[in-house]
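In the two complexes that follow, chain A is the common piece, with chain B as its partner first and chain C second.
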Partner chain A sequence: MFEEEIRFLRKMNKRQLAQQILNFLMIISSALMVWKGLALYTNSESPIVVVLSGSMEPAFYRGDLLFLGMPDEPVRVGDICVFKIPGRDVPIVHRVIKLHDEKETGKQYILTKGDNNQVDDRGLYNPGQLWIHREHIVGKVRGFLPYIGIITILMNDYPQLKYVLIGFLGLYMLVNRE
Partner chain B sequence: MYNLAQRANAIFAFAMTVQFGLLLSIAISSLYLTSNPIGKVDVRELNIWLYNYDNKETEFAFIEMNLDADLTSLFNWNTKQLFVAVIAEYETKSHDLNQVVLWDSIIQSKEDAHIKEVKVRNEKYDFVDITPKFGEVEAKYSIYWDLMPYVGFLVSGKTESNQTISFPAPDNN
Partner chain C sequence: MEEIEETPLISSTEERPPKTEKKLDEKEEPIIVNNSNLVDLKNACDDYIQKFFVNKAEFRQNNTHTDVKLVLGYLACGFALFGGYYGHITPFNEAKEMTIICIIAYFVLNTLLVLYSYIFEKEIIFVGDCMENDNKYTITIQTNTKRYSDIYNIVYEYVGKEKQDSSIKIRNSKYTFSKSFGNWFDVNGVMDIEKFETDLFEGLEIIKTGNKPHEQ
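Presenting the complex of A and B:
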């Protein structure tokens, strides 16, 4: 199956090889540009997230894709927010169930809960932390696309798969004739 | 020139393009469907009890209400489920806006979208202010809905209510 490709690689001169590598880099950089452009447009550091837990079932299942936005207007009760607890890497997607806007400072005191959880998130926050604030919020869920993110979850669960996939894609780009 | 892998690749790419085009048109077109959700919260009883919470004597409000809402018009071919909640909103001396969820429900079919509940209490959610005492407040109650689609945009809204009820003095227990 690969004999033809290998012969093709041998036959290529330096110029063609350079061209293929440039093509490959071009694809990577345009993907990066789209991602960063989206982040700028939505004003959210990660405009697309994959659902990693079942705490928002039956609305969001593991592997569903969420599109985020960061609106100028303040957070309101009922909004589904993605937030990061200081000192932890994995963001959480939960609904705001309680909110207090302080008059003097304008600071928002926010409490969240997963629709599928029986209790609020105070057990998930850092010890002694009762509220989260605006600065913890990465974005507000605006759009929904089911199933697509399952690839990310598989790659997280089986890290080898990631290298196999990247290696295969890279090879394919190199030997692709167009 | 055209081997099996190339043909399979072309078919797969075309199928993906068509599918994403279809999903996008579903997502955008369902934004233009009109709906007319109505709902009413009727508060029947409001009591305040003092409990020790976080080493402070704290006012807990207990509410009993009747709910009547017709959200059937929110169900279209792209509606996966509705998240419905009763929200209390009030203003205190130190805080501009306070919003607390008192009750919630997830509705997954049009048949269940006509809500008629009597004597609902805030059993699942504590109705407590951020300060230990509510003080002299008047709260407004409304029904909030959040439409979650099969694919596309989340839409939410709430039915406004005019009923405001002053908080009574706490009962001593």
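Presenting the complex of A and C:
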């Protein structure tokens, strides 16, 4: 299956091989640096996220791509925020429905709820947790692009697909010049 | 895993007796490329030129250009991957400074890389030198193709430092050689190595002796 590719790699000397590997690494690191740059620019840990649930319908559907930003101004009621609950990996995108500012410290006590949910998010927070705070918030939603995120969802549902795709891309990069 | 034999396609199209069975008979496997792909053709020729000057013409290859590019490239990737990893293990706000440093380093190194190949490397594919009775000869080969053109241009540049009594005489010569890829590749994309070598040798002789070639 890969005979030709292996032959191609074996024909190269070590500098050419290093160059091919570098080409491959360059693509990964460029993508990484663009992502990190975007994160710094928007001041959000992950500036682009994919909606995984229908809890914000009809605003956002499964597979929508959301663009986040974290401005310096405080969070306000009505903002749609992406937040992470400590100890859980998957961030949640819901709307802020109740908010208290502490006068002295400026600390914010935030309660969220999904537009399509019957109840607020206290059931989703950690046991005993009544509020989330600004440091839990990854970003406010700035814009969205429908459907595109389906690819990500598919790859998350079928991780094999992801590995096969990455493997083929990597091999393609390694055995093609320019 | 053993490589048993070549594919039948090669042996049927290329039934030429093994003529150049000298010391490198094992490495002299046929070079086959997709002859409708100019990049492939150029790469095959570029690679063979390097092999030719090292193995046949006995030049010592000077890899400075490649090494500089590799070092810059791997350094840039190192910064990028480290930045990514560091950002992964530290909270976002604490990792900000490090991320900025990594991004700047990455882009600076990449810019240097591009500038280096633009300013210094240009189209150079081979730099090598050889010593002949205390005279040092340096050869630089540049190659290029015009877009959509089958003409392969080889530019030889030759600098000889010849010792004459006490002084060193520097001899400079330059020679450009252009031919269609069709001269060296057949319809199946098999490279006629001997023909290509003959042409390369001719160029080398011209540049060494300084004689102009006869116009045809």
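Just so it is clear, the second predicted complex is superposed on the first by the 160 of 178 C-alpha atoms of A that agree within 3 Å, B and C clash if a C-alpha of one lies under 4 Å from a C-alpha of the other, contacts with A are read in each partner's own complex, and residues count from 1 in each chain.
In this text, contacts are C-beta pairs under 8 Å (C-beta built on N, C-alpha and C of every residue); 3 or more make two chains touch, one makes a residue touch a chain.
Quick caveat: nothing in here was measured; it's all calculated off a predicted structure.
In the superposition on chain A, contact is made by A:V77 with chain B only, not with chain C.
More chain A residues lie in contact with B than with the other chain of the pair chain B and chain C.
In the superposition on chain A, contact is made by A:S29 with chain C only, not with chain B. Looking at the shared chain after the overlay, A:D115 reaches chain B, while chain C stays out of its contact range. After overlaying the two complexes on the shared chain, residue contacts for A:R142 are found with chain B alone; chain C is out of touch. Once chain A of one complex is fitted onto chain A of the other, the partner contacts of A:D101 are limited to chain B, with no touch recorded for chain C.
Contacts of A:P58 after superposition on the shared chain: chain B is touched, whereas chain C is not. Shared interface residues of chain A (contacting chain B in one complex, chain C in the other): none. Listed in rising order, the residues of chain C touching chain A in the complex are 39, 43, 63, 66-67, 69-70, 73-74, 76-77, 80-81, 83-84, 87, 92, 96, 99-100, 102-103, 106-107. Of all the residues in chain A, the ones that touch chain B in their complex are 58-59, 76-80, 95, 97-104, 109, 115, 118, 141-146. Looking at the complex, you find that chain B touches chain A at residues 23, 27, 80-81, 83, 85, 87, 93-101, 104, 106, 108, 124-125, 129-130, 144, 146, 148-154, 156, 158.
Those residues of chain A that touch chain C in the complex are listed here as 15, 18-19, 22, 25-26, 28-30, 32-33, 36-37, 39-40, 45, 177-178.
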